[in-house]
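What follows is a set of structures for review.
Each of the next two complexes has subunit A plus one other chain: subunit B in the first, subunit C in the second.
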Partner chain A sequence: MNAQTAIPEVKTREMSYAEAIRDAMAIALERDPTVILMGEDIGVYGGAFQVTGDLVERFGTDRVMDTPISELGGAGVAVGAALTGLKPIFEFQFSDFAALAMEQIVNQAAKMRYMLGGEAAVPLVFRMPAGSGTGAAAQHSQSFEAWFGHVPGLKVVQPSTPADAKGLLLAALEDPDPVIIFEHKLLYKMKAQVPEGYYTTPIGKAQIMRPGRDVTIVASAIMVHRALEAAEKLAKDGIDAEVIDLRSVRPIDRDTIIASVRKTGRLLCVYEGVRTLGVGAEISAMIAESEAFDYLDAPILRLGGAEAPIPYNPDLERAAVPQAPAIEAAARQLVRREV
Partner chain B sequence: MTMKDKVETAQDNLPFAIRHFSPDALRAALKKMYLIRLFEEGAEDSYTRGLIHGTMHLSIGQEASAVATCMELTDADKITSTHRGHGHCIAKGAEVGRMFAEFFGKETGYCHGRGGSMHIADVKTGNLGANGIVGGGLPIAVGAALTAKRLGRDDVTICFFGDGANNEGAFHEALNMASVWKLPVIFVCENNKYGMSTSIERSTAVRYIADRAVAYSMPGETVDGNDFSAVAEAMHRAIARARAGEGPSLVENLTYRWRGHSKSDRNRYRTKDEIESWMARDPIARFRADLITHGILNDESATALQQAAEADVAQGIEFAKASPAPQITEVTKFVHAEVSA
Partner chain C sequence: MPVEVIMPKVDMDMASGKLAVWHVEEGATVKKGAALFDIETDKAAMEVEAPASGRLQHILAAPGQVIAVGAPLAFIYAEGEAVGPAPSVASAAATATPEPAPAAADAVVTTPVAAIAAVEVANGTPRATPVARRLAREAAIALESVIGSGPRQRIQKDDVEREIARRAAIKPATPAPAPVYAAEPAAPAVWSEESGDLHVTTRKGTGTPLLLIHGFAADSAGWMALERALPRDLPLIRIDLPGHGRSPRRRIAGFADLARLVVQAFDRAAEGPVHLLGHSLGGALALALADIRPRQIKTLTLLAPAGLGPEIDGAALNGIARASATESLAPWLKRLTARPDGISHDFAKAAMLARLDPDLRAVQSDMARVLFPDGVQGFDLTAALDRVTAPTALIWGRDDHILPWSQALKAPGEVALHLLRGVGHIPHIEDPEALASLIGRHLRP
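The block that comes next holds the complex of A and B.
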């Protein structure tokens, strides 16, 4: 199912997205004695979303460490440990709480190598459960990928499938620099075939989930699935949408997106973060500045989160982020040149 | 009136609350404790029935702390609350109907359906809001106390927080500023032994949170948080100090949450024995018994208070069900002040 990650001869197993992440962490803990897990309630509780699960029973409290409720300090300890020889995987209970640790992530981890002229490295992974749809309201539902994507020195990925969640986490651990992984909360229970054993999914590569001729839809995380749903509907009316899973916000895969837009002549960006100054703005500008510009048959469209915090009421919450019918309608508009 | 005679002669041996508050105030306090318990049971039940979505953090077992802490406050006094904030909200004077409406996501709710349980607030009665961020309210409370001092008002701010929150930097920064500027704020730690699954022993370098007060040159006191009178007495001292311009205090109420941390807790970090031993120390049953012992109530009138609270809760749920939902087109309403054309 996943051309760029699943090697055909490799055995696969059905796993949920959460299980695939746990599998990656177990493999990492087994392969590399310098890997440690840190976070709030990741031990006996198993993590707020049960991602670490039973890892503390298998690897002990020295390697699966519950931290106090101290995001700034905890992230900073992870930075210091990474600087001196450990490889921490630090879990924020919700990505929203990374706001408390911005100092260590943005001012320290991201810039350390550069500020010290290449003499130091901070190889660590921040795991961040993200996104809306759980009824947890404004401080537990945000999508911060554009925030972190704005910071040179960080790498930022957003897996949309169990296989990518595992492969990107293992790739993040191989990476010599800090990597942020946004895990979408609504995907934790999603099941699919996942290759067994060790493999990595390259950071910085988008993936064509559905090839098509008429319109390019670049989506990320949960929006990939909504875009695929919309593409099925569009196909019934003879509109052939190409759906690209962005996978990596920084670095961004220019080549795949530009080639697709050259082919289809139409671009729709779909992302959950607030629309203004979001990931779609970057992709739109990238196309406007590229050779694909001459191939555009319609203006570029962006669908993003509302210019508002995520509301509690479930109907308002749904209305605050793109849903499949809106994606379908926007693609139709583009194809009919109604914009 | 043999009972009354006995009470007067033994005045000094009476619990603080019985000496200090009027019988009416004590009865109202017991009713509020019932209201909190029944409100949360009602919310839990509505959640199970799918009428409420998301998650919620119940304070069942901690009612004495909320109500006794707020006993001496007026609407001019402020509180900042936490994710476990339903009890604080009721203790400060909110109506359960508008609280249920908020939980049901309705326009008539305290936050017009935008906030839900984790952001429940009632600004008019001085509740500046629950908080989804652990420790988020600590510096905000200091700011509210700064306002009172600058504007020459004598109101105080009560800052509720959990034992887990004491390990956030915000806690330490807030206490330091409050002390340096001698602000009228009382930091009230509801120490229920755990921050989610992590016990104090595993997370905190001091045995009692009140031990931290020394580092910020303010009084720190640890009391039995399930003893209404003990909490009220500690708060009385701290509030008097704050209103007299002498600065902040830290009060730690030792208590226990009977329910899991939130809706997703499997209780794997604590024993059934521990939970049961705390359920045997029910703060409501204890306060009720104390009031009966001291002749403030009899069994019948106590039961009548409980039934009145039950009726309020039932009515509140009906109000919430019958209330309208927000307009779907108003997602961006309240992001900024509305500027009239």
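The block that comes next holds the complex of A and C.
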């Protein structure tokens, strides 16, 4: 499933997205004594989404630490720990709460290496459960990847599969700089084969999930699966969509997207964050400025979240972010030259 | 969807045409290719064929009405197709984009006219996707000649690809420089010589007149587009060459003989000094006239003139002179413009209508053989150009396939040289406005 991670002779095991993340953290805790876990209720409670699970029992409270209900305080301690040489994995209960820790993430973690002339590094991982669809309403359902992707000094990834969730987390720990991982809450229960043991998935590399000739759909996180669902429907009408899993918002994999658009001549960006000033806007501009421009045979389209807070009402919540039928319709419009 | 019947563009300088008569009544069935209606242009009356088979509906134009080129005249519904409400002319024009022609043969016939209509509707630069623009650029195809199938007639990638394929398909019809002259039988011409002076027409105005001498296989009617673009009060004198237009069929022994007839016509027609303009063969004759009557010529404008070098597309000249059917004439006519699509099927058809008289074709074939033996210009006027004292301008299309513009480099330094981009051998028809503005500058003292 994953060209970078699934080597044929490697043994795989079916696990959920949450289990794959836990597996990655356990492997990291075992192989690297400087790795520690921090976050609210990640100890005996096992984490807000039960991702850390029993890790506190396996590795003890020195390495799996519950932090007080202060995101700013917890993140600050994590940044400090990283500066001393530890490799903290800091979990926010909801990515929305990262707003409380903006100072530590944006002004401290992202800036230290630069402002100290390379004398210090912040090898820190922030895990951020993100996205809508759980009925958690406006303050617990947002998609902030564009916010953080806007900050030089940070790396921002959005795994869409269990294998990538594990590989990207282990790659984030290898990285000397702060990495933010947006874990889509609706994906935690998704199951798939995951390679066993240690491996990394390169940060900054997109993945072609489904090759196609007619239209490029660049999607991220859960939108990858909705795009694949749409692509199957489109295929029945002879429309061959190429679905690219963006995987990394910063850095963005220019080459893969440009090559794909040069091939298909049509681009649809699908992302859950608010449509305006979002990740898709960046990809659209990047393509318009690139050598792929001369290959476009249709306007670039974006499907993003509504210009509104995520509603609590389940029907409205679904309507507020792109769903498979909307992706299918937009791709169809592009290919049938209706736009 | 019903097929639109439009006013065809049968003449390069035609903006509108007069509907003469419908051959089919509203509601009657019509077969594709059958005579549908007649139009009258300034040059000819011609029959227009039905673009599709079916039932003629929604006749929008009555006999005698003048209709813009590309505007819908009626619609043909397929047999059994539900007849919709009569479309308003405006909405019909907006939906003028035709379905891509399925057969290449159809495309050859219908595309140029339809393309013109589509572009006129768009009113300005054609809309095209980036990839369509790139492909057109790479294939040296003007976007104006491509039909857009996208929203609001946007030109898409496959529209350009279709146009490239279409051109590739018509390429074989474009003649290779065949040894026409070798194959030419030296049989005596069958036509009988006429006597009388060359036919001269004038347009009244104020000031020094502009005398126009047309080129080989053309006639004075060919100046129409340029005349419209020139100042309205500029007096004009037009000479029809022998065996051309309304001049008598005269046998000529060579270029000097022809020049003598032109000088005689000039002496007869001109009441004083003139501005002189000649095109192609007429350019060579204008140069000769300026050489013979130097004090009578105020300015000299030579439009892709002959006589400045040996090279000429003799095959095309002979092909045009001899062609007896639209199919054999069209490929040669396409050599005249910068790009082959400058000449539509309907244009060629109209041109052929003016050349139906076999005697006219024989006269002109004989003249081609005398003036351009073996596909070479048999006369040299570079010395005359050196002697000309009147202010002289040479105007040439950079994409002239008949006479290479490099021959202009023979001109002495005092001669102004204008090389027009995107223009072939007939600038006065391909870009009359640009030419008129150059002439205007040249004529001003």
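To be clear about the criterion, the second predicted complex is superposed on the first by the 339 of 339 C-alpha atoms of A that agree within 3 Å, B and C clash if a C-alpha of one lies under 4 Å from a C-alpha of the other, contacts with A are read in each partner's own complex, and residues count from 1 in each chain.
Here, a residue touches a chain if its C-beta (ideal position, glycine included) is under 8 Å from a C-beta of that chain, and two chains touch if they have at least 3 such contacts.
Model, not experiment: these values are computed from the prediction.
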- [ ] Specify the outcome, clash or fit, for subunit B and subunit C once both structures are aligned onto subunit A.
- [x] fit
Open item on the list: For A:Ala48, using the defined touch cut-off, is the partner it touches subunit B, subunit C, both, or neither? Pick first, second, both or neither.
Closed with: first
Open item on the list: So in the superposed three-chain picture, is A:Asp66 touching just subunit B, just subunit C, both, or none of them (first/second/both/neither)?
Closed with: first
Open item on the list: In the overlaid three-chain picture, which partner chain does A:Glu307 touch, first (subunit B) or second (subunit C), both, or neither?
Closed with: first
Task: subunit B versus subunit C as contact partner of A:Val10, first or second or both or neither - done: neither
- [ ] Check the contacts made with subunit A and report whether subunit B or subunit C touches more of its residues.
- [x] B
TODO: Determine, under the contact definition given at the top, whether A:Thr134 touches first (subunit B), second (subunit C), both, or neither.
DONE: first
Open item on the list: According to the stated criteria, A:Asp297 is in contact with first (subunit B), second (subunit C), both, or neither; which is it?
Closed with: second
Task: Partner chain(s) touched by A:Glu338 [first = subunit B, second = subunit C, both, neither] - done: second
TODO: Mind working out whether A:Met115 is in touch with subunit B, subunit C, both or neither, as first, second, both or neither?
DONE: neither
Open item on the list: One more residue to check, A:Ala320. First (subunit B), second (subunit C), both or neither?
Closed with: first
Task: Distance in angstrom between the closest Cα atoms of subunit C and subunit B, superposition on A - done: 27
Task: Footprint overlap on subunit A, where subunit B in one structure and subunit C in the other make contact - done: none
Open item on the list: For a test of understanding, state which residues of subunit A touch subunit C in their complex under the given definition.
Closed with: 265, 293-298, 337-339
Open item on the list: Residue numbers of subunit C touching subunit A in their complex, please.
Closed with: 129-134, 149-151, 154, 156-157
Task: For the subunit A and subunit B complex, residues of the former touching the latter - done: 40-41, 43-46, 48, 66-73, 96-97, 100, 134-140, 306-309, 311-316, 319-320
- [ ] Note which residues of subunit B are touching subunit A in the complex, please.
- [x] 53-55, 102, 105-106, 111, 113-116, 118-119, 131-136, 164-165, 167-169, 195-198, 202-204, 264-266, 268-269, 325-326, 328, 330-332, 335
